[in-house]
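Multiple structures follow.
Below, chain A partners chain B and then partners chain C, in two separate complexes.
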Partner chain A sequence: MRPDIDRYWELKSPIHSWDPRLRILTLLILAFSISSAQRLPTILGCLLFSFLLLWLTKIPLSFSLKRLAAVTTFIGPFFLIMPLTIKAKPGDTIYFFSHLKFLEINVRGLYLATRVYCKAVAIVLLVVPMFGTSRFDTSIKALEHLKVPNSIIQMILFSYRYVFVFLAELKRMSLAMKVRKFTPSTNFHTLKTYGNFIGTLLVRSFELAEEVYQAMLARGYTGRLKIQVNYRTKPGDWIKSALIFAAVLGIIYFDRFFRGF
Partner chain B sequence: MHISDGVLSNPVCIGGYIATVGVAAVCIKQKMRSQDLPKIAVITSVFFVASLINVPLGPTSVHLILPALVGVTLGAMAFPSVMLGLILQALLFQHGGLTTIGVNTLMMGIPALTAGLIFHQVRGSNSRKLIIATGAICGALGTLLAGIILAVLLVTAGENFFGVAKVALAAHVPVIIIEAVVTASSVAFLLKVKPDLIGVKLKNDRLDSIVSLSS
Partner chain C sequence: MEKKTPIITIRNLHYTYPDGTVALRGVNLTVFEGESIALVGKNGSGKSTLIKHINGLYRPEEGEIIVDGLPVVEENLREIRSRVGMVFQDPDSQLFCSTLYDDVAFGPINLDMEPGLIEQRVHEALEKMGLLEFMHRPPHDLSFGQRKRAAMATVLSMRPKIMIFDEPTSNLDPKNEAIMTGLLRDLPTTMILVSHDLPILYQTCQKVVIMREGKIDQILSMQEFISDVNLLRTNGLDFTFRCDCCHQDPKHHRYLTEEQEISESFEPSPP
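The block that comes next holds the complex of A and B.
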């Protein structure tokens, strides 16, 4: 996967036109409210709401769905582990095989894993409306207005820029290794080669960092980064945030107090 | 292995954020000079890229996490570096999660700082073998610590997650060996090529003898 979360920043949509400062803060609060949800119906509602926000951004769904790979590899095993390991409670449905006494499959485990997975997906999908709808540097610079220190903003932006440089370097070096008939497998030689590989990357990066720093000094770097971005909050932005806050309250109310059906 | 959203409770996630901001602030206030800023950023992106390397392990593969090497190269600045790396991973790749950036930083940053401290003890040494062996120990210990913190965090999610915590800890065992070997060979490489990157000043006997021969 390519690290270009902001590939579709030039589209026009209600989310794209939302002030990045309000957008990030509001959606972060939404993420935490989803994280606090306990009941499956609420969580499924949150999931639908995340998809609704995604649909509003007009960003192709496949772009966002590909971003679920990491969550799925982390939580996927839960579906296997939890039914086998959770403690049985009265009222649980348990399947077991007569000749394998230790292998008990608790259906509540599947239910719990589903709950965790849906919650995770609902939150992860929010990253696309949050950071995919304006240029990455604009989004990060907006964090400065949310009281994130300038040094952190600078480092995020530098690292972001050099991630692409080193990804290209990584590709070039792996090609060079392939040409020399290197095939990774589970052995000492592979690990040692990777160790040297990372060492090489580090040495190169260190030299590059020095040069970059000198070049920055030559251009008048004083320890602060100045990016001119004019953020404007329009009345419509407050309305959008107010709508999301209504959803946040709805999630909390529905999760804690609503016992209708 | 990064904890994703939706597993841990909100108090744990928010507590993780507060602890991370606190530790990072202390590290930055204590040690950072403005000329370090680009350096930390560039090295952070190397670790970001290195963590994308998949090492084959039997039928599956694991990706490198390298907290120990971050600690060895950056010392106290390893913690902010880990934090940056995880912010970028969460935002660009959705590795880990939004609400769990804090706890994930603690999970990787504490091992990084520990490895940095241990490695600092052998900086003055003149023995290659000792330094490389310390690199291996740091790599193993860093991964073990990360695994233990992961398991403890999962346990806070309630007794339903005890089984997951045990499996997660067990899954770290092969990674401990991998990380130990990779960290040791990276340290060995840097020792040969650019020892000042890991803060070591070796008296190079061979080089000295060549210089004395030519003069």
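The block that comes next holds the complex of A and C.
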């Protein structure tokens, strides 16, 4: 999977035309409100809302779903661990096997894992409307307008640029290992080879970083990345943000105060 | 006769790396305005260290450098870097922004140019390098040859008076090499070219500065340099493998000795 989150930045949609500064700020607030939700019905509603925003971007669903693979890898094991490890409380439904009495499955653990997973998915899905609907550099430069420190912006921009160089180097080196008949297995030789591989990669990255810094100095860099982007906020951008804020208030109300069903 | 103006003056330059490696041992060199100089020498002879001093990336341990009338000292660095453009060997070290436009605009922005002028400079530089259509593309989407040219555009947009190139044609295929050679030949600036690629040096430079063990060993005209096969060989230069000897009659391939090729290809004037 290539880390090019902005592959579909040229599409035309209400989310694409949204001022990046307002878009990032608003969706970030939405993400925080999703993370604060406690009740499963609210969280499922948030999940649906994230899908709705994703649908509005016109970006293929498969593109976003691929990103969910990483979430599933990290949070998937919660479905296994939480029902088995959560501390039982009065009123919990617990299943156990007659032959394996030490193995208790707490349904509340399963419920908690579902909540965590759904929240994570809803938030990760927001990343695409947030950063995938304009060029990545435009989105990151918008952060400068949102008063994010320049050093953090520089770090993000350089990481994004050099992840591709890093991947190419990784590919080249692993090919160089393959052509010399390296087959990984569980032995000391494999461990040593991987150790050398990572070490060489780090040394090369360090050398490249030094050269990049020199190339920057050579073109007048003095420690601060000067950013030249002009953003224009239209009335429609404020309306879009207002709609999302209404949704945020809805999430909070429904989660904290609504006890209708 | 037209009087030549010195644009770079290097006097008794010494430099030792922090690990104790002595890189430069008393370099003296004068480069005149409009000259194209080939800086050659074996690996480790001090070429790269020397060019990095001209841009102020390294500071002399001893000696002095004067660039376009300005001594290379901290307070002049901003001005010097606007006058001395440097193109690194690896384009990936030169292209660090997310789009080609940003990379080419990086220098002019740092020089605090007006936004309109920046845009004009970027367009001009990219157009000259034949990369205008890739303006909003990220550098990693370009081919290696395009990235090499893009690296050159990043410096051209600053319109420096002096341009320094470190191995500008390394790893390029013949087509891109020809493009790059053409571009180098047409540059109206003073130029210092570090390369092991003799045909390129021959086509772009009039003067050769040979470095050996951190010192200037010899300064010759290009004709004198290419006439001396031993000198070429000692300095790790070769162009046997890319002579056009077979093009005229492909059926009768001739494999020439290095001496024959040199004399037949360039026909240097007798001493």
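Going forward, the second predicted complex is superposed on the first by the 259 of 261 C-alpha atoms of A that agree within 3 Å, B and C clash if a C-alpha of one lies under 4 Å from a C-alpha of the other, contacts with A are read in each partner's own complex, and residues count from 1 in each chain.
One rule holds for everything that comes next: contacts are C-beta pairs under 8 Å (C-beta built on N, C-alpha and C of every residue); 3 or more make two chains touch, one makes a residue touch a chain.
The structure presented is a predicted model; accordingly, all values stated were derived computationally and were not measured.
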Fit or clash - chain C, chain B, common chain A: fit
Touched partner set for A:90, first chain B, second chain C, both or neither: neither
Which superposed partner A:135 touches (first chain B, second chain C, both, neither): second
Partner chain in contact with A:120 - chain B first, chain C second, else both or neither: first
Broader residue contact with chain A after superposition on the shared chain, chain B or chain C: B
Touching partner for A:226 - first (chain B), second (chain C), both, neither: second
Partner chain in contact with A:67 - chain B first, chain C second, else both or neither: first
A:235 touches, of chain B and chain C: first, second, both or neither? neither
Contacts of A:158 with chain B and chain C, given as first, second, both or neither: both
Partner chain(s) touched by A:212 [first = chain B, second = chain C, both, neither]: both
Smallest separation in angstrom, by C-alpha atoms, between chain B and chain C in the superposition: 8
Overlapping contact positions on chain A, where the chain C interface meets the chain B interface: 4, 136, 157-158, 160-162, 165, 208, 212, 216
Residues of chain B defined as touching chain A within the complex: 1-7, 9-10, 13-14, 28, 32, 34-35, 37-46, 48-50, 52-53, 55-58, 64, 66, 69, 73, 80, 84-85, 87-88, 90-99, 159-164, 166-167, 178, 181-186, 188-190, 193-194, 197
Residue ranges of chain A touching chain C (in the complex, touch as defined): 4, 135-137, 140, 157-158, 160-162, 164-165, 168, 208, 211-212, 214-222, 226, 228
Residue numbers on chain A that touch chain B, as the complex places them: 1, 3-5, 28, 31-32, 34-36, 67-71, 74-75, 77-78, 81-82, 84-87, 109, 112, 116-124, 126-127, 130-131, 136, 151-152, 154-163, 165-167, 169-170, 184-186, 188, 190-192, 194-203, 205-206, 208-210, 212-213, 216, 223
Contact set on chain C toward chain A in their complex: 52, 55-57, 78, 81-82, 84-86, 88, 90, 92-99, 102, 105-107, 109-111, 115, 118, 136, 138-140, 154-155, 158
